[in-house]
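One chain, chain A, links the two complexes that follow: it is found with chain B in the first and with chain C in the second.
And then the complex of A and B:
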């Protein structure tokens, strides 16, 4: 069930009604659990097996880890007087290893399923190509695999929970149904945000009363999400799909335009979907984390990734970046550089300092790239982003020197605009690999960008991409609207306010007019239904 | 809950209710007059519902032959009876029953004239064509016969037939040109009736170079069966007419019968046989060009349709045939209704005058009630 379908609206309305009318407040969460099960089952029963497996295995393994911790602590307490320091240390280490193995079991099982379903064919194809190149007569078969709804999101969320229990940052959930509720919360199951157990779980289980202000704000956020998703993203994607369907036949200007359009489409689609998710959750009294904070206003690529798909960034930071950056391997390497002759120089000292973080960043973005899809182009996407961040960290002192030499005021607005434009261009280059059908086509696009720019041909090609002039104009107007809204959000965020709170202070007529115009915008300008083409109605004879 | 709280909740519900009401009204207005497929079919069908109850003597059912071949305003001015073509372009016989049910619901016509060309198409011609189906279904008000029709014809999500805005909301891309017919529908709604009573034709004179069969049709007796679906629809229609004691005349309006469409004539012979078996009258007009006074080299705008000149001749002939054979008399209308019909006749007359001018300038034009055309003929009104 798509978040922008009429059925989804009805589903949410029905759930809201039942949830708030359910007399046993303490058990209101069960209504949401039933809604999750219904929502997931509607997508297909076969998918349910996977989410159930991940939920049950995460639930049991977290309990197991906690049990190991508890019994270890109990034993240590009982042997407090008996054991010396070394014995205690050895036992603690043994417990840690045991817990780690148990945690690894959860990770291997669940990431194994994800990796197999998502990457097996990519892996087998690549391996077969490699073996073929060496004329080795062996090939792995290609399988007809399907991806269960939201598998990446619930797997990441559940594994984050297991690691948090392992790290003793959170207590394991004793109630399996409550845990299933956390793993399958329907507003976020399709596209996140990837929530952290400690932030989300207690909100899910608390009995919430109906709050009109939350209901109104939730509806407003959903409406804004609809505008972004079905007015902007679903319109822009028509032209993008036309290009990707016949990618190699377009010139550099058209491809450049497509990448720009993609930057709009991707942001509107993803952030619009998240707005709908957050709006629905807000109606139930649940605050999901923000996943986008005006990413195209970023002044560096690392800032961009702190503003874009924030929950994925947080997850990567907590569960991949830190373990790598603080691993013995990198810390030792850093120490060794520091001790060496090179480490005594300014450059060496800097490299020794930032080596763990820069390499960890590269690895994280490699993972992010692969997470986006099973293809070499996504690997390139990850390497591009991670590589830029790594170079940025390593070359920071040189940039600082250049800026000082040129007497550039770092707080100057023009410098900020330059930084934003530079970051946006770097982001666009990454998007090339996202849009292009393959890695080689992505590289070709970069070459065409420099060698095949022709405005006249480009414009005539752009006008054949399935959108008329009026639709391009509409996209332009809505891009300006998003830009203005983003500026207001940026300005008011410092005061801890959002646009909906600002709107609350306006008069009744202004508030309702905004909602009225929003709804009518979706109805009139949204891309939905079977579509109308005046030509279908022309019968030449009469 | 305290009184203050209660008042707050009531106030809030009223505010939400008023917003929802405003939204619903706005959507209904847009769906009805703006975000729809506006064309002559819509103008004609919507116009039918503007006719005062029980004021239409003859209802014509069929496809484009009906509104290009017969002029209701002209027939009124010549013979005094009122008529209306409940017809759309390339309408198939599968939709005829819904049209008759709608006609019966709002009028008690003395006579139904059913043009059978909609039963003579090939299997795949128009039967599943979305525009053909929607020209009727989109313009019927929501009632049992619409539900029945939609259940029968829906090729996409049924909701789109009941809430056409789902399909047509993107017509804003065709504005302002696309408002030409919509404005006409809005004006008819405010006026209370449409000016041309659904007439649509052209002034183009079609010259057919190849052999025509109209003058030797009496020698062609070989029949061809109808497609299964259309034959079933015809029988269903005949059963309905018989069971409801409707006074019906079946006919086939004049066409240029050529080699390419000879099979349709042969199918009409097959249909005629079925119709007569049910005891209904049938008149074939393809073989009566001379009797009607139609010159095939002057009075058609294409092989299937009469032009304005052919329409006038056909209305003269057929109007007289109906008054003589079906005892149609001058309609018993109220003074205001008479005034409206006279106005329609004046507009039709203005069209004829304006086209005299066009012919002198060797220009051709459509005859229809779209906003631009109506504006352009205003100067020809007396």
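And then the complex of A and C:
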């Protein structure tokens, strides 16, 4: 069931009604659990086995880890007087190793399923190609694998929880049903945000009373999500799909336009979907973390990744970046460089300082790239983003010198706009590998960008992509709308205020006019089903 | 505390570490600063800062960092 389907709206309304009318307040969370199970089963009950397995294994392993920690602490306490410092240290080390083994089991089980379902065919295909190149007569079969709904999101969320218990940052959940509730919360199961247990879980279990202000704000956020998703993204994707269906036949201008259109579509689609998720959760009194903060306004690529898919970035930072960058291996390497002769030079001292960060960044982006999909083009996407960040860190002193030499004022608005434009172009190059069907086609697109620009041919191609002039004009108008909304959000964020709160202060007439226009926009301009005019929708639904 | 202040000021001369109490919450220090800081602090105070210590509460102010360092030295 898609978040933008009429059935989903009905499903949410029914869940809201039952939840808030349920008399046993303490057990209201069970209504949400049932809703999660129904929602997930409707997507295909065969998927449920996987989410159940990951939930149960994470639940049990977290308890196991917690038990090891607790019994170790109890023993240390009882031997406090008896054992000397070394004995205590040795025992602590033993406990740590034990915990690590159990943690490794969780990693293998849960990421094992994800990796197998997502990457087996990529791996076997690449291996077969390699063996074929050496004329070795052996090949792994290609399997018909399917990806269970939201597998990345619930796996990441569950693993984050197990690591948090391992790090003793959070207590293990004793109630298996409550844990399942956390793993499968329906508004976020399809595309996140990837929540942190400590931030989300207690909100899920607390009984919430109906609050009209929250209901209204939730609905407004959902409405904005619908505008972004079905008016903008679902319209833009028609042209993008036409191009990708026949990618190699378009000229450089058309491909450039497609990549630009993709930056609009991806943002509107993903952030719109997240708005719907957050809006639905808000109605139930649950705050999900923000996943987007006007990413295209970023002044550097590392800032972009702090503002785009924020929950994935936080997850990567906590569970991959920090452990790698602060590992003994990296810190010792940095220390050794510092001690060496090279480390005494300005360049050497800088490299020693930023080495752990830069290599860890590259690794994180390789992981992010591969997570996006099992293909070499996503490896390129990761290397491109991580590589730019790595170079940015390593070359920072040189940039500083250039900026000083050119007497550029860093606080100057024109310099900021330059930085934003530069960052946006870097992001667009990364997107090429998202849109292009393969790595080689991605590289070809970059070459065509420089060698094959022709506005006339481009426009005649663009007008055959399934969207007419009016449709493009509409997209342009909505892009301007998103831009204006983003500027307002940017301005008011410092005050900790969102647009819905600003709207609250407007007169009754203005408030309802905005909502009415929003609803009408979705009904009239929304793209529905296989065709893309509102008549289809109105006809089908009434 | 003096040693810590020296390290911090060397890392980010532009930040007022004496008075700032939301270094992480207000995004004054980013994850790159934190990693650089971990290496420096480990060496200077002979401690081992682990990923589980890398939480905002431990790095929001110089005082919080000192408290974490002292706790790790005790272990």
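Rule of thumb we're sticking to: the second predicted complex is superposed on the first by the 529 of 542 C-alpha atoms of A that agree within 3 Å, B and C clash if a C-alpha of one lies under 4 Å from a C-alpha of the other, contacts with A are read in each partner's own complex, and residues count from 1 in each chain.
Just so we're on the same page, contacts are C-beta pairs under 8 Å (C-beta built on N, C-alpha and C of every residue); 3 or more make two chains touch, one makes a residue touch a chain.
Predicted model only: the values in this text are computed from it and were never measured.
Asker: Just chain B (first), just chain C (second), both, or neither: which does A:335 touch?
Answerer: A:335: touches chain C, not chain B.
Asker: After superposition on the shared chain, which partner residues are touched by A:169: those of chain B (first), chain C (second), both, or neither?
Answerer: second
Asker: Give the label of whichever partner, chain B or chain C, reaches more residues of chain A.
Answerer: Looking at chain B versus chain C, the one contacting more residues of chain A is B.
Asker: Once chain A of both complexes is superposed, is A:393 in touch with chain B (first), chain C (second), both, or neither?
Answerer: Only chain C; A:393 stays clear of chain B.
Asker: Is A:323 touching anything from chain B or chain C once the two structures are fitted on A? First, second, both or neither.
Answerer: second
Asker: Scan A:23 for contacts with chain B and chain C and give back first, second, both or neither.
Answerer: Touch partners of A:23: none, neither chain B nor chain C.
Asker: Now for A:520: first (chain B), second (chain C), both, or neither, which partner does it touch?
Answerer: first
Asker: Is A:357 in contact with chain B, with chain C, with both, or with neither (first, second, both, neither)?
Answerer: second
Asker: Can you tell me which positions in chain B touch chain A when the two form their complex?
Answerer: Answer in residue numbers: 12, 15, 19, 22-23, 26-27, 30, 35, 37, 39, 64, 68, 89-90, 130-132, 134-135, 156-157, 159-160, 165-174, 178, 200, 302, 304-305.
Asker: So in the complex, the part of chain A that touches chain B is made up of which residues?
Answerer: Against chain B, the touching part of chain A is residues 6, 212, 468, 470-471, 508, 512, 515-516, 519-520, 523-532, 534, 536-537, 539, 541-542.
Asker: Can you check the complex and tell me which residues of chain C touch chain A?
Answerer: It comes out as residues 30-32, 34-36, 38-39, 42-43, 49-52, 54-55.
Asker: What part of chain A is in contact with chain C in the complex they form?
Answerer: 167-169, 302, 306, 317-318, 321-323, 325-326, 331, 334-335, 353-354, 356-357, 360, 393
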